[in-house]
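Shared between the two complexes below is chain A, which has chain B as its partner in the first and chain C in the second.
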Partner chain A sequence: MKLDDLLHQTGEWLKCVGPNSEIVISSRMRLARNLKGVPFAHWSNKKESEKVFAMVKPAILESGLMKDALFLKIQDLSNIDKQFLLERHLVSRELITGSDSKAVAISPNEVISVMVNEEDHLRIQAMESGFNLKDAWEVINSLDDELSQKLDYAFSVDFGYLSACPTNTGTGLRASVMAHLPALVLTKQIEKVLHAISKIGLTARGFYGEGTEASGNFFQISNQVTLGLPELEVIDNLGRIIRQVIEHELSARQLLTSQQKELLHDRIWRSYGTLKSAYIITSKEAVELLSSVRLGVDLGMINGVDGKLLNELLVVIQPAHLQKLEAKALDAAQRDVKRADLIRQKLTSKD
Partner chain B sequence: MLCDICSKKQATVHLTEMVDEQVAELHLCEDCAQEKGAQMEQHFNLADLLAGLVDLDAPSAAAEGAGAKCPSCGMTYNDFRKLGKFGCGNCYEAFKKNLAPLLRRIHGSTQHLGKVPARAEKAGKLRDELAELRAKLEKAIKLEQFEEAAKLRDKMRTLEKKGEK
Partner chain C sequence: MKLDDLLHQTGEWLKCVGPNSEIVISSRMRLARNLKGVPFAHWSNKKESEKVFAMVKPAILESGLMKDALFLKIQDLSNIDKQFLLERHLVSRELITGSDSKAVAISPNEVISVMVNEEDHLRIQAMESGFNLKDAWEVINSLDDELSQKLDYAFSVDFGYLSACPTNTGTGLRASVMAHLPALVLTKQIEKVLHAISKIGLTARGFYGEGTEASGNFFQISNQVTLGLPELEVIDNLGRIIRQVIEHELSARQLLTSQQKELLHDRIWRSYGTLKSAYIITSKEAVELLSSVRLGVDLGMINGVDGKLLNELLVVIQPAHLQKLEAKALDAAQRDVKRADLIRQKLTSKD
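What follows is the complex of A and B.
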């Protein structure tokens, strides 16, 4: 498998197939793991990082779950390819900003990615489509079990899995879902929901995780606490809260359709119209309009466009994807044109 | 509209910033926005936040532990405060005195409950024993039987040491 093979396939998490996939785009698990007796990535020298690399590479690739995996050294990648992996949520910004002995292993269906020498020696990630925390946990848990038989993890009875940052100490688990909550935003209830979430040990972020603003009404909601609670309890808590958020979103949608029908229809059809007719569009505008169209599809107003296509568009309209599709570097203005072309083509072919 | 910083390229990024309690709008081109973004990240990062949390509620213990240095990787407690990150797994032991308040503040707890790494068969039996003790410990903590919990934890430590040999 080669990196460019990813360009023409749809990552598992974008397939819009799991439970509640009209509201929950994807469910993700991340485990932070370190090797015993080696300094953490930010504190280690080149030789130590290479040692980590040499130890973990075979352990990862031997796993049945990583059969035919793509294994990439970050220093071998072009800037566009690094950005491309970031846009597909397969690497973090931290991983692609350094180079020494950093790598990522990606399973062929893009469910699993294992980052090497990120903030921690290993950052294992599993991502499934829809509201499906259970499957994401089962996958990541079994890969972690397998790896822990081959590698000596840094672990203590008191503090659990020892991580570089104390915010990950304990289980090292960050469980999250990406939810599309346009009706809560339109009815101005989102602040209340996010505030309540932050009170109970969860946190909400934008589409691209840590440090990003929510755009197009997409929110990534995750646990913050990693010490003092077993994994399954953390996942169960998150799941329960997400179920409530889904209920709130659904009742807000109902409210909008019964009380502000014209306003809602206007917004949705204008967005659809713009996407199908624009010749220049920024990614910010496109993501916002795609959010409205998605709501229109969920409410049964727009037919012939499916959630999977809309999910794919969210990713392929990003800068590195556009440039890889065009097979050349494009500046911001050229990208806005290419983006509009791509969206028009994908949406009008469905009419 | 041209970029507020370089006044050369078209502004495509629009930011709202609070400066001296005044809302200021910034219209930037892509290049200047990226640079500005990088500046903002440096301005305010997790390490600063953590450093602020580290010694908040135990100034005396902090003074005591401030000179600590990890024997394995050479990180000092001051390094940890500055970076907000440990140097290696053994730092947890080296800075233990100052760790409890920090972890409590972040997580509301200082005791791991959850998975234990499964390292080879030889550790298997030990693992089962540890898992059993862990379940008992969890129960004891829930029932607020702290003396019992402390005993169980000591047992687990002894077992863990045995496993390391």
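What follows is the complex of A and C.
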């Protein structure tokens, strides 16, 4: 498997299957792990980082779950390829901006990625399609078990798994879902919902990760605290809250369709028409219109456009994907043209 | 022929034929005439208006050019039908807001309409498709000749034809063209052009007649003064200036296609996409988008949409047309829905 093979496949988490996949695009788990006796990545010197790399690489590749994984050293990658992996949610910005001995291992269906020498020695991630925290947890927990048999983790009886940043100490677990909440946004209830979420220790980010604003009504909701609660309780808590958010979103959709059906229908079809007609489109506008079309599909107002295609488009309209598809560097204006071409082609071939 | 027959036909002036019909939708002539020995319409009493009516009706209907004409007494018409005729440019607002003894005669192809007891006893109008002042003049002049043999016009050797308003005295001729000038608007040259036009005695109005703003880049340009110049000179003057305006518009189109081709292409196709997708659309937005699509057709960026259809849509998306097509009264919100339906249906059946 090569990195470029990813360009022509759809990651498992984008397949629009699994529970509530009309609202929850994907469920994600991440574990932070460090090796005993080696300084945390930020404090380790080159030699120590290399030592970590030398220990974890075989451990990862020999694990059953990472059979046939793609293993990439970050320093060997071009800037476009680094950005490409970031756009696919397979690496963090932190990993690709660093230097030596950083690496990522990616399972063939992109469910699992393991970052090496990120903020922690190991960052293990599992992503599943739909509202499916349980499967994501099972995958990540199995891999963690496998790896723990080969690697000596830094662990304290008092604190649990030690990590470079205190917010990750304890279970080292961050669980999140990517939810599409257009009706809560349209009915202006989203602020209230996000406020309530933040008061119970959860946080919401945009589709494009940490530090990005929510765009196109996509929200990544995750737990903040990893210390003091067993993993399954963290997951149950998040799951319970997300179920409530889903209920709110469904009520808001019902409200919209009962009170503003024609306006909504017009808005949705205009969005679809624009996506099929535009020859220049920014990423921001495209995400907003794709959100609108997605809502149209969910509400049965648009037929024949599948959710997988819409999910896929959210990823492939990003800069590095467009440039890899075109096999050359494109400036922002050229990307706006290529993005529009791609969307038109994908959506009109479905007619 | 009945009034409702008009609903299902396209007036001659909308057929998008004739010289420069990619820029000049139509050419129009109007003559103001009054009968000798009868007060002007505003000062005449009921009996005098009836006398005018009784004299002109047979004169009109017996003329060769008005064979098989539709002859309508305004007082017999519903409000919707009055508005309908206004929307087809066959009557003036002045005519339909008045009361007794007002009428209009309309030739079967809608080239000629003759209003009775408007501001003047007779207002004769001829409209041709494209930049075709000569044909419009020949038609109107022939009819005027025919009528003058049966009717005794108020005429002064010093002033020419007398009329109720001094601006119409003299030849009584107003000549105008409806021009589509999107490139002059986009390149922000239109103000300069309209200013220059006004300085040489011409005036510009919107598509929807006197007192309306230019919308969707359509401008009705006409002479202001009717006294002191022979008819053919008025027409030649207007024709010469319109030819210059056409040249300016063509240069502006060339500028746009050489400097902003991609932006223009995107704008045009988005407009087309929106028209084919919207389920609610105001008249203002529809006219703007139709203007954009028309430009796209002219520039060869859109194929398979004919100019006649686009012209026709400008007329049929108006309130009375929509209500007659639906055969019931519609409020503004209902019209926005019906308008969108009609446009979608007409444009998608062309794909």
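What we mean here is this: the second predicted complex is superposed on the first by the 351 of 351 C-alpha atoms of A that agree within 3 Å, B and C clash if a C-alpha of one lies under 4 Å from a C-alpha of the other, contacts with A are read in each partner's own complex, and residues count from 1 in each chain.
Methods note: a residue touches a chain if its C-beta (ideal position, glycine included) is under 8 Å from a C-beta of that chain, and two chains touch if they have at least 3 such contacts.
Here the structure is a predicted model, which is why all the values come from computation and not from measurement.
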When the two structures are laid over each other on chain A, which of chain B and chain C touches more residues of chain A? B
For A:Y153, is the partner it touches chain B (first), chain C (second), both, or none of the two (neither)? first
Once the structures are superposed on A, label A:W43 by its partner contacts, choosing first (chain B), second (chain C), both or neither. first
Which of the two partners, first being chain B and second being chain C, lies in contact with A:V225: first, second, both, or neither? first
Doubly contacted chain A residues - partners chain C and chain B: none
Touching residues of chain C toward chain A in the complex: what are they? 262-263, 265-266, 269-270, 272-274, 276-280, 337, 340
Mind listing the chain A positions that touch chain B in their complex? 34, 36-40, 42-43, 119, 141, 144-145, 148-149, 152-167, 169-171, 173, 201, 211, 225-231, 282, 332-333
Within the complex, which stretch of chain B touches chain A? 10, 12, 30, 41, 46, 50, 72-73, 75, 83-89, 92-93, 99, 102-103, 106-120, 130, 138, 153, 156-157, 160
